[in-house]
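The following blocks contain the structures, represented as structure tokens.
First subunit A sits with subunit B, and in the next complex the same chain sits with subunit C.
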Partner chain A sequence: HLQVQTLLRERLCHQQLPQRPEGVDSQHKHLMELLKRTAVHGESNSVLIIGPRGTGKTQLLRCVLAELLAEEDVDKTLLQVHLNGLLQTDDRIALKEITRQLSLENVVGDQVFGSFAENLAFLLEALKKGDRSSSRPVLFILDEFDLFAHHKNQTLLYNLLDVSQSAQTPVAVVGLTCRLDVLELLEKRVKSRFSHRQIHLLPSLSFSQYLQAVQAQLHLPDTTFPDTTFCYDWNASLKVDKSVEAVLLRHFNSTKDFRSLHRLLMAILCRVSVNNPTIKPADLLDASRLLSADAMTNVLHGLSILELCLVIAMKHLNDIYDGEPFNLQMVYNEFKRFLQRKSNSLYNFELPVVMKAFEHLQQLEVVRPVDAAAAVAARAQREYQLVRLMLDHSQIMEALQKYPQCPTDVKQWAASAFG
Partner chain B sequence: MTASLQHPGYDPERLLCVAEKMPCRVSQAGTLLSLMGEPAQYSYPSIFLYGHRSTGKSHVINTLLMDLELPHATVSCVECVSVGLMFERVLLALFGPDTSTLLPRSPSLSDFVRIYRQQAPLSPANQTRYIVIEKAELLRDMDSNLLPVLVRLQELVDDNVTVILLSEIVWDRFRPNTGCFEPLILYFPDYSKGDLQQILSQDIHPSYSPELYSAFINILLGVFYSVCRDLRELRHLVRTQHAQTPAGSGSDTNLKESDTHKLWRNIEPHLKKAMQTVYLRDVSSECSDVVFLSSGLSAHAHVELPYYSKFLLIAAYLASYNPARTDRRFFLKHHGKIKKTNFLKKHEKTSNHLLGPKPFPLDRLLAIFYSVVDSRVAPSASVFSQISSLVTLQLLTQLGHDDQLDAPKYKCAVALDFIRAISRTVNFDIVKYLYDFL
Partner chain C sequence: MARYLTRNRLRRIYKWGGFPVSHDRKLKTDEYDSLHISLEDLPRTTVITNGQYILIEGVDDDHPYVAKVTKLIESDKKKKALVQWFARVGEVPPNKLKLLGREPHPQEIFYYEGPTCEDEIDVESILNTVQVHQSTLSYWMATPTTPRTPRHATPSIPSRSLPARQPGSALEEARARLHVSSVPESLPCREQEFQDIYNFVESKVMDGTGGCMYISGVPGTGKTATVHEVIRSLQRASDADDVPAFNFIEINGMKMTDPHQAYVQILQKLTGQKATPDHAAALLEKRFSHAGPKKESTVLLVDELDLLWTRKQNVMYNLFDWPTRRHGRLVVLTIANTMDLPERIMINRVASRLGLTRMSFQPYSFKQLQQIIMSRLNKVKAFEEDALQLVSRKVAALSGDARRCLDICRRATEICEHTSLDPGAPGLVGMSHVMQALDEMFSSAYVTAIRCASVQEQLFLRSVLMEFRRLGLEEATFQQVLVQHQALCRVEGLQPPSVSEALAACQRLGACRLLLLEPSRLGVLQRVRLNVSQDDVLYALKAE
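Then we have the complex of A and B:
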């Protein structure tokens, strides 16, 4: 059973490459063709792979690269430069990284010498000196491509795409991004040098394909797994019944991408242990409930009664004044009106104690100041600063249902402002 | 209910030790252990733990990692003023002191990832490395690319590492605009009343018997539970209140049911008073004894002002909380009738006392002052300087730029109870002059 965990964790957490990603055959072929043209035939190219988060852009690229590098001669000659928009936040850093990865002559060990302009000139010269037949093709992979478009003047993008247009060293620029409007971010001169080739990865699975994908993810390979009886039992228990289908349908309706599916499967996998070696539908239900629990309701569960009363008072203020911001003094007023009605001496707290509870709520970001800068500046008289409640009606009512030992008069007060 | 921690990859005796250190958190620790899996297996790239303060998030994680001797690095965002400090700490803890010297001055995230990638194959990980980041909500205010990189660090450095983020605030407030890799989210529920009782009873005081101590804690929880559920605050309260309980009730060796009643009667007024000062942390624990010997007023009421300053303050309060058009009615001998138009009648719902003080110019303050003071006062520098000292005492706040010398604006920063106490000392009935109390 140990091996189950190891194998599935590799698959789900470490994003092991599948043999062939499902559902993206045409995109795979397209990208493969493009990269082959650069690597083998010496043609310069640029392409953008666009798709929402978690749909498998990086996975597609890695699959194609793995297949490409399987050929002997490509592996020997192709140079790769991997850049990431999140890491290389500046053209200077990006250029240093390119120089390092290409091991150009101005790199000694790890240090890159020279100023930005010098490095850029050196790089461009190195790239422009070559020609189709005799120089090695270079593949530039730019992850989070949209972040590169925010650099100053888009110098890096301009230069890379410029080189890919002129017929010198065969250069392929592959950008991956999650923004569908990434072309709007490019400047005119950069956009004109881009070949406008886009590969879209939109999650277009139907529900039955989704179910098949779920089973495929959890399936243990019969051939390579050591314990065959266990493997057989495991695969047999992956049948889809009504409750499982309902849960998966709900999950499918909210998000179709594979990453959230992996998260769900990971949560289920944790329950597999020596004591219960197979997956049961109850595990799936539990995991689904855990992942889709409303976080704010959980936070409200842990509030003290005074803080809960303040939240209810704020809810009433929101109802009466149609969502206008309020301050602590108004909330305290509303709370005192409740106390007067109930003649309850249990909750007769002074303003400083109520203020401490209010500040706790602010710390949890249940309430947020309307003007954050002014809130920091005006330390004095915090009871008059305007704030807004960041919860809505249903969250509060749900939290009240689950609240342990909630006094009935508080519940009644929540239900109606005048009760 | 003592559920025990079990996991095949770890030594069961060690797990038993660990389970004893975290009294009511065994199930959460079990979930975490099952997520972490065996040391050699991969775990999910990032995990997000959220829950209230003092629910044991850091405690559970740190105990698990240290007692099971897993390679880890713990960083608190409060201590890391700059990003470079965080990188240095992480590299130091995971790879040793020489690697942190490889970082250049003011390192960027790119440098960190590059050095990590270089170091990782040199000390191959047969165990998952963990990076624990506490107070993760401060990551949002640091560089905007830090959070998205940390949650997917595993794929960027190509190593078996998991980043665990601990925070009070829910994940929905963390998500950047274009989205990021979503971590696995775990909730740490708050302690119930029974749990709190159990945990607090574990700090045994030497001079008290366990039953008396638990009865004391019961009473304390009964008073403070509706206001505060924070374990750390309650522990502080227990410690300070312990010094206050009269020695007589503590040294009783014959305990019966009636004694708890006596205990309650002795302690309850002290606890109620503690709600005013000690709970609010107005006083530190060292001088809490002094406070209880005195009448228990907070420091605020001990301000003594000169005669004219008191009237200036009263005038400032009236100027702040009365609308300007009503000054005529209050302060002139022969005023006409003030007609309330329809507009005014509709918008009278929110009194000024709810909205807060309004700013007023110096001339208005002086006009009200001269009409409120009972004797004739000559405008002299001493009167004006008292206004500045009121600003220094933070009883008035000055608005606007310091350069505006000819028309400064002020606001009164004093509460109603305070000004009532002051006006009583000068025999001035301020409530008669307040518009909201007409």
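Then we have the complex of A and C:
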């Protein structure tokens, strides 16, 4: 069963490339033709791959590259530079990285010599000297392309796109981004040099295709897996029955992308062990419940009764004052009103104790100060600083339902309309 | 064949043997009849004369190139040699070796005639002489393979071992011609502008005075290309001695990291010196202020002028002030995008030095765009008439940007090639292909993205619309939208999502900018706005 774990985790966590990603044939073809033309014919191009998060942009690019580099002469000719907007936050850093990856002559070992201006001039001159028929083409891959558009003057983008439109070294500039409005970020000169080719990756699976994909993801290959009986049993247990379908439908309605599906399947996979070697529908149900649980409700389960009472007091203040911010003194007064009227099972807490509970709530970000900077500065009058409750009322009510051994008068207070 | 040291690199000293034999006034070069190479600290000297075969530094120490010296010259204080290249057996591609019809001798060399190698080399790359027996020479006409310039210490991208494939079919040929980088010799539809700029620069160069010109126009209207064309024809005219010789330098505001680097770049391109920005400014100031013997005019092209703006505007001030000096002989041509740049961002003294010689490049009209494409294609029959007209009209209506037009046509040829039923004979590019290309390259995918969103995401968008309508505003908090969302779920018969799930759906919509969100640390209190128009959202959600 260990092999099952290895195989499936490889597939789910390590982003193993599928043979051909489904549903993206035309995009695959488009990108493939484009990169082939750069590598083989020396034709410069630029393209943007746009799609929401988790829809497989990087995976598409990697598949196309793997297929392209399978041809030996392309493998020996094409130079690649991989940049990421999150890592290279500045044009200076980006330029050093390009110079390092291309192993230009101002690189010794792993260190790049020269100032920013020198590096830029060096790179531009190197690219300028090349020509279409005799220089090795360079593929520039810019992940999180929209972040590069925030660099000063968009210098790097301008220069890369300018090279792609001049008779210099053939380059292909491929940008990956999840912003649909990325073209609006480009300056007019940069936008004019961009070829406006866009490849959109939008999740277009229907539910039945999604179900098939789930089964395919969990399916063990009959031919290569060593223990054939185990494999057979495993695959047989992957039938979709009503409860499974309902759970998957709920998940599908929430989000269609594969990244969250993998998260769900990983949660199920973690329950598979030597004592428990198959997947059961109950596993799926549990995993789904785990993933779709509300985060803040879980936090509320860990609060003390006093803290919970403060939260309920704040809920009532929100109802009375229609969402206006409040301070600790107001919350304490509201709490005292409850104590006077209802409770005889709770002690009358002193203000310092209540303040401690209140601080704990602030640390958990259940409440947040309205003005964060002033809150840090004015340490003295903490009980009069205005804060807001960061919870929705439904979360409070849901937490109270499941709170272990919650006193009934507290529950009644929460539910009542009059506080 | 003398052995040369490979691992321990001793410095080689190069000296001419004797005085120059002749002087070429036009090219300003001196010819010598011999070159002495001696190794540092060693007494032995090698003498190289015309007609000798030499070894030149190759890709690595074990594979030097072989060449024959035809001339030894000195130009611009640099020692150079003109050579005739030969290829060793190892450098000839195998398919060409087969043409020999026999086994080549391992030390055989072949006469190399190819257009891609420079005949002029730096003598510092000569290693030594080599004996070549006549019987080992064979002639071989080569199609261009690897370029054979010796290793310079300057930047370069490595060269490929197999040449790039040349275009085959008519469509491929059309695509190659429509690429933005294949700028034609003479730009159509810019004859008047060409003439005006040519007259301006020619008059200044002939008179030996300085001047400034400001050229403006939206991107893609051929400004830089026209100026390059002017310079090319002026250089041709100066080769024919119709116009005095001049230096041409080009700088680009976007290709610099800092406006003050302009000084560094101008100095380097003028004199080859490297200096810090302040020192470079001082040197240039000296150069343009003082009269020099037999000084040539300098034509300076400044692209993307607006990026040279600094708060004190001293870079721009200097660039426009130096042409006003009597002995400067500097002609400055500046290019930017906005017509009123001088009035808007320049202080008075800078704008007045820039002067009133201005030229504005209008965006192309649809007829002009059509003409541009036709002249590029130049009798390659690849497009249908109506298709070309459609592209030109569409682009002219939007921006008048020639680059856009060329890219769309190129994409159309690709689509035609891929969708043709018979890959051998794809036919002409027609309306359908062009319309598909226009669709791809002009559209924004918001509507499709909304249609492809998950059920909960679509419900969230609908809740946003409902809340906006209820409040009468264009903005709402997540908490308010959540109320609507949960109500809507109950109406649709779906299980309402937890707050975390709804937040996640909201974040996903925000990441692809269908919604505009405040920072997510504000949790349920973050405000939500739409980045798409409400009508588009309704349209996308309705068409089910």
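Basically, the second predicted complex is superposed on the first by the 414 of 419 C-alpha atoms of A that agree within 3 Å, B and C clash if a C-alpha of one lies under 4 Å from a C-alpha of the other, contacts with A are read in each partner's own complex, and residues count from 1 in each chain.
Simple rule for what comes next: a contact is a pair of C-beta atoms (placed from the backbone, for glycine too) under 8 Å apart; a residue touches a chain by one contact, two chains touch by 3 or more.
Given the structure is predicted, the values throughout are model-derived calculations rather than measurements.
Participant: When both complexes are superposed, which of subunit B and subunit C contacts more residues belonging to subunit A?
Facilitator: C
Participant: Looking at A:Y384, would you say it contacts subunit B, subunit C, both, or neither? Reply first, second, both or neither.
Facilitator: In the superposed model, A:Y384 contacts subunit B only, not subunit C.
Participant: Please indicate which partner A:Q363 is in contact with in the superposed arrangement: first for subunit B, second for subunit C, both, or neither.
Facilitator: first
Participant: Touching A:N318, do we find subunit B (first), subunit C (second), both, or neither?
Facilitator: Neither partner.
Participant: If we overlay the two complexes on their shared chain A, which of subunit B and subunit C does A:V299 touch? Say first, second, both or neither.
Facilitator: Once the two structures are laid over each other on A, A:V299 reaches subunit B alone.
Participant: For A:S288, is the partner it touches subunit B (first), subunit C (second), both, or none of the two (neither)?
Facilitator: So A:S288 meets neither subunit B nor subunit C here.
Participant: Let me test your reading of the model: by the given contact rule, A:V353 touches which partner, first (subunit B), second (subunit C), both or neither?
Facilitator: first
Participant: Which partner does A:T6 reach: the first (subunit B), the second (subunit C), both, or neither?
Facilitator: After superposition on chain A, A:T6 lies in contact with subunit B alone.
Participant: After the superposition on A, what does A:R179 contact: first (subunit B), second (subunit C), both or neither?
Facilitator: After superposing on A, A:R179 lies in contact with both subunit B and subunit C.
Participant: A:M266 in the overlay: touching subunit B, subunit C, both, or neither? Say first, second, both or neither.
Facilitator: first
Participant: Give me the intersection of subunit A's contacts with subunit B and its contacts with subunit C, in residue numbers.
Facilitator: Subunit A residues touching both partners: 52-53, 178-179, 293, 295-296, 365.
Participant: Can you list the subunit B residues touching subunit A in their complex?
Facilitator: That would be residues 6-8, 31, 34-35, 37-38, 40-45, 50-52, 55, 108-110, 113-114, 118, 143, 145, 148-149, 154-156, 160, 168-173, 178-182, 184-185, 187, 189-190, 192, 225-229, 275-276, 279-280, 350, 353-357, 394, 397, 413 of subunit B.
Participant: Going by the contact rule set out above, which residues of subunit C touch subunit A in the complex?
Facilitator: Interface residues on subunit C, with respect to subunit A: 116, 144, 146-147, 153-167, 172, 175-176, 179-183, 218-220, 254-258, 261, 264-265, 304, 307, 337, 401, 403-404, 407-408, 410-411, 414, 418, 440-442, 444-446, 448-449, 452-457, 479, 482, 486, 494-495, 497-501, 504-505, 508, 511-514, 522-525, 531.
Participant: Across the complex, what residues on subunit A touch subunit B?
Facilitator: 2, 5-6, 9-10, 12-15, 52-53, 58, 84, 86-90, 93, 97, 100, 110, 146-147, 178-179, 259-260, 263, 266-267, 270-271, 273-275, 291, 293, 295-296, 298-299, 301-306, 327, 329-330, 333, 346-347, 349-350, 352-353, 356-357, 363-365, 380-381, 383-384, 404
Participant: Show me the residue ranges of subunit A that touch subunit C in the complex, using the header's touch definition.
Facilitator: Listed in rising order, the residues of subunit A that touch subunit C are 29, 33, 40-44, 50, 52-53, 73, 76-77, 79, 91-92, 102, 104-106, 116-117, 120-127, 129-130, 132-138, 153, 155, 158-159, 162, 165-170, 178-181, 183, 188-189, 191-193, 195-198, 200, 202-204, 250, 252-256, 292-297, 365, 368, 388, 390-392, 394-395.
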